[in-house]
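Labels for the chains are A, B and C, by order of writing; each one numbers its residues from 1.
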């Protein structure tokens, strides 16, 4: 009997080990997006559709992930070569000794916001936290930042599962939102949303950043450089001509209608194209921004001070 | 109690009883015998109004009816005392009164010191005695028993037969006792009604001419054996 | 002496399994070389010690919601079963739909929960209830419908009222089945509470284990995730043990399952 137990345990361990160690194929290269095909990924689909990837000698397969494993874990375990994540997640990953780095940042300005009912007469995010009501939000670093900034907090905060159903049903409910998404949806459904950008409160991580293993940058820098440049091309393309790519993405994600696609693509432009990108190029990052973010996360106790913010990104 | 032209059909056209008529007088101890499956249990259940006849009638005199099943069927979550008190409880008798009556009933079957025990702790014979005590607690005028001792060993069975006969002598209720055993019928009853195989009708209605007080030695007497032979013969004729 | 051996006999097997699992987990964690996937048992234990105050208050919050949901399941589930047992028509009409309680994904109805009850313990308790009520209904109904027919005859003989039959015969007779249902419902209520907290739990001081699991996961503290999961399992175990104890007390005189 003990022999059988030993075999069972052994196979379980091997299974876990096997799952973790499996390397993904190197052709085609996988780019895993951390949500469904929506305007926030428009540039990547543009690169695929209009040949930017192939022009840079890359055979890229785009995969849209759901909730579940954080995309940095998929990169760190070799399940995917590239993925999209956010700057705070990159720092958290590196704290856990996962060697991931950021190579291209789509959003220069943090696109998360808090959506409230206009009838509440709020003037800023501070009002949301210091009045009664319910806030639906994921327990991310930005929430912890805001809760610390506006302590003592009066609003009741609970989980955010997606959608706007609760928000529309109750006037005293506020929720997190992606500025290109929920507010547009709410307006279409007859609500009167008012959105405050979280970046305005000083928490401003790069978002929808393309990440890969640091090791890849060391061993195949040309591949990483090609990827970044293809993304740059794709995003230029999408910013200038969003409609054809929107149609492609809508076919993949019929839940979002074409009109919303168009409105979202327009709404996100100022967050993607800024003075920084006009001078240094789309998707580029500065070490000052990473240092600031790192300091904020240390202050929140999310990471410890020993990390090196310099080594977590490159502008290839 | 009068059973007249009783006719009982179960679904699928199973005729259990066909035109059965029998009359039982108050205070009689009647044994009912017949081959397996002939319908004697059905007859008993109809008398107890647990089943309805298809046609025919059952006339009963006034008074309470009690029934003892083939298995003791005690409520396993109650102790012996509360099991015996159950019929009175269902009739709404107040607590003190019914527990006193239950204690007395248990004393009559010789289980006065087992009142706190639970059925799971009792032997088969003891459980059956509790079942008997439960039947007697309402002081019934009519006591129906359906092969109650069949599952017990020979010695326990005979002892319980003796006990039952004694209780009957004391209380003189009308007893209808279904059994397979000619010896048991002879020992217990004044009258043996032998039924045929299905559909049941009366083959023979024998008077059992033995002394009123019946004790163990009786079983080995010649008159006893003769009686059992008579009953046995009737059973054979009825297609046992 | 004998009772000490009996206690050892019943405690030793599960303890050995726990140690074996911890060893296996340690080996797996070291083999994986990625500590963020599977933390080492020592790390989990350290978190449990270092943050025991917060974990204790989380446990309290989750336990409150789980227990409210569980008791609601027990009472409402038994009541529904009694109603279904009493009427074959109702049974045919409604029983199939009670399965929906079992199959509805909490994620899908979370918005309804939070709108009806407000976030926090009320909504979480409702989640625990929804997830755990069906086994109580199914097992209680099964027990109520399998009363010994001879005992039913006995009650009929003495012209027992419907209420007498239910209270003195059917319910006690169904107790072993009811406890089977409760044992399953207990664990489910804890799961329902934790999953409910993922979605509609209240953040902030004293937040439940489910909330803690999600935020620890988001900030990459897998050791804290496992610590919270372990504590939730212990909560489920404690509830299970309590139910078993109740079963023992109520059934010890008469049911084979509690006689050994």
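In this text, a contact is a pair of C-beta atoms (placed from the backbone, for glycine too) under 8 Å apart; a residue touches a chain by one contact, two chains touch by 3 or more.
Remember, it's a predicted structure, so these values are computed and weren't measured experimentally.
Here the chain-to-chain distance from chain A to chain B, counted in touching steps, is 2. Between B-C and A-C, more C-beta contact pairs are found at A-C.
Inter-chain centre distance (chain A to chain B, centres taken as mean C-alpha positions): 83 Å.
Annotation: 49 Å between the Cα-based centres of chain B and chain C. With centres set at the average Cα position, the gap from chain A to chain C is 37 Å. Counting only residues that touch two or more partner chains, chain C has none.
Looking at the complex, you find that chain A touches chain C at residues 5, 9, 12-13, 16-17, 20, 70, 73, 76-77, 92-93, 95-98, 134, 136-141, 143, 147, 153, 156-159, 161, 163, 165-166, 169-170, 302. Interface of chain C with chain B (complex): residues 148, 150-151, 153-160, 164, 168-169, 172-173, 175, 251, 253-255, 259. Residue ranges on chain B touching chain C, taken from their complex, read 45, 48-50, 65-67, 69, 71, 73, 75-77, 79, 86-87, 89-91, 118-120, 138. By the touch criterion stated above, chain C contacts chain A in their complex at residues 20, 24, 27-28, 31-38, 107, 110-111, 114-115, 118-120, 123, 197-204, 211, 214-215, 217-220, 222.
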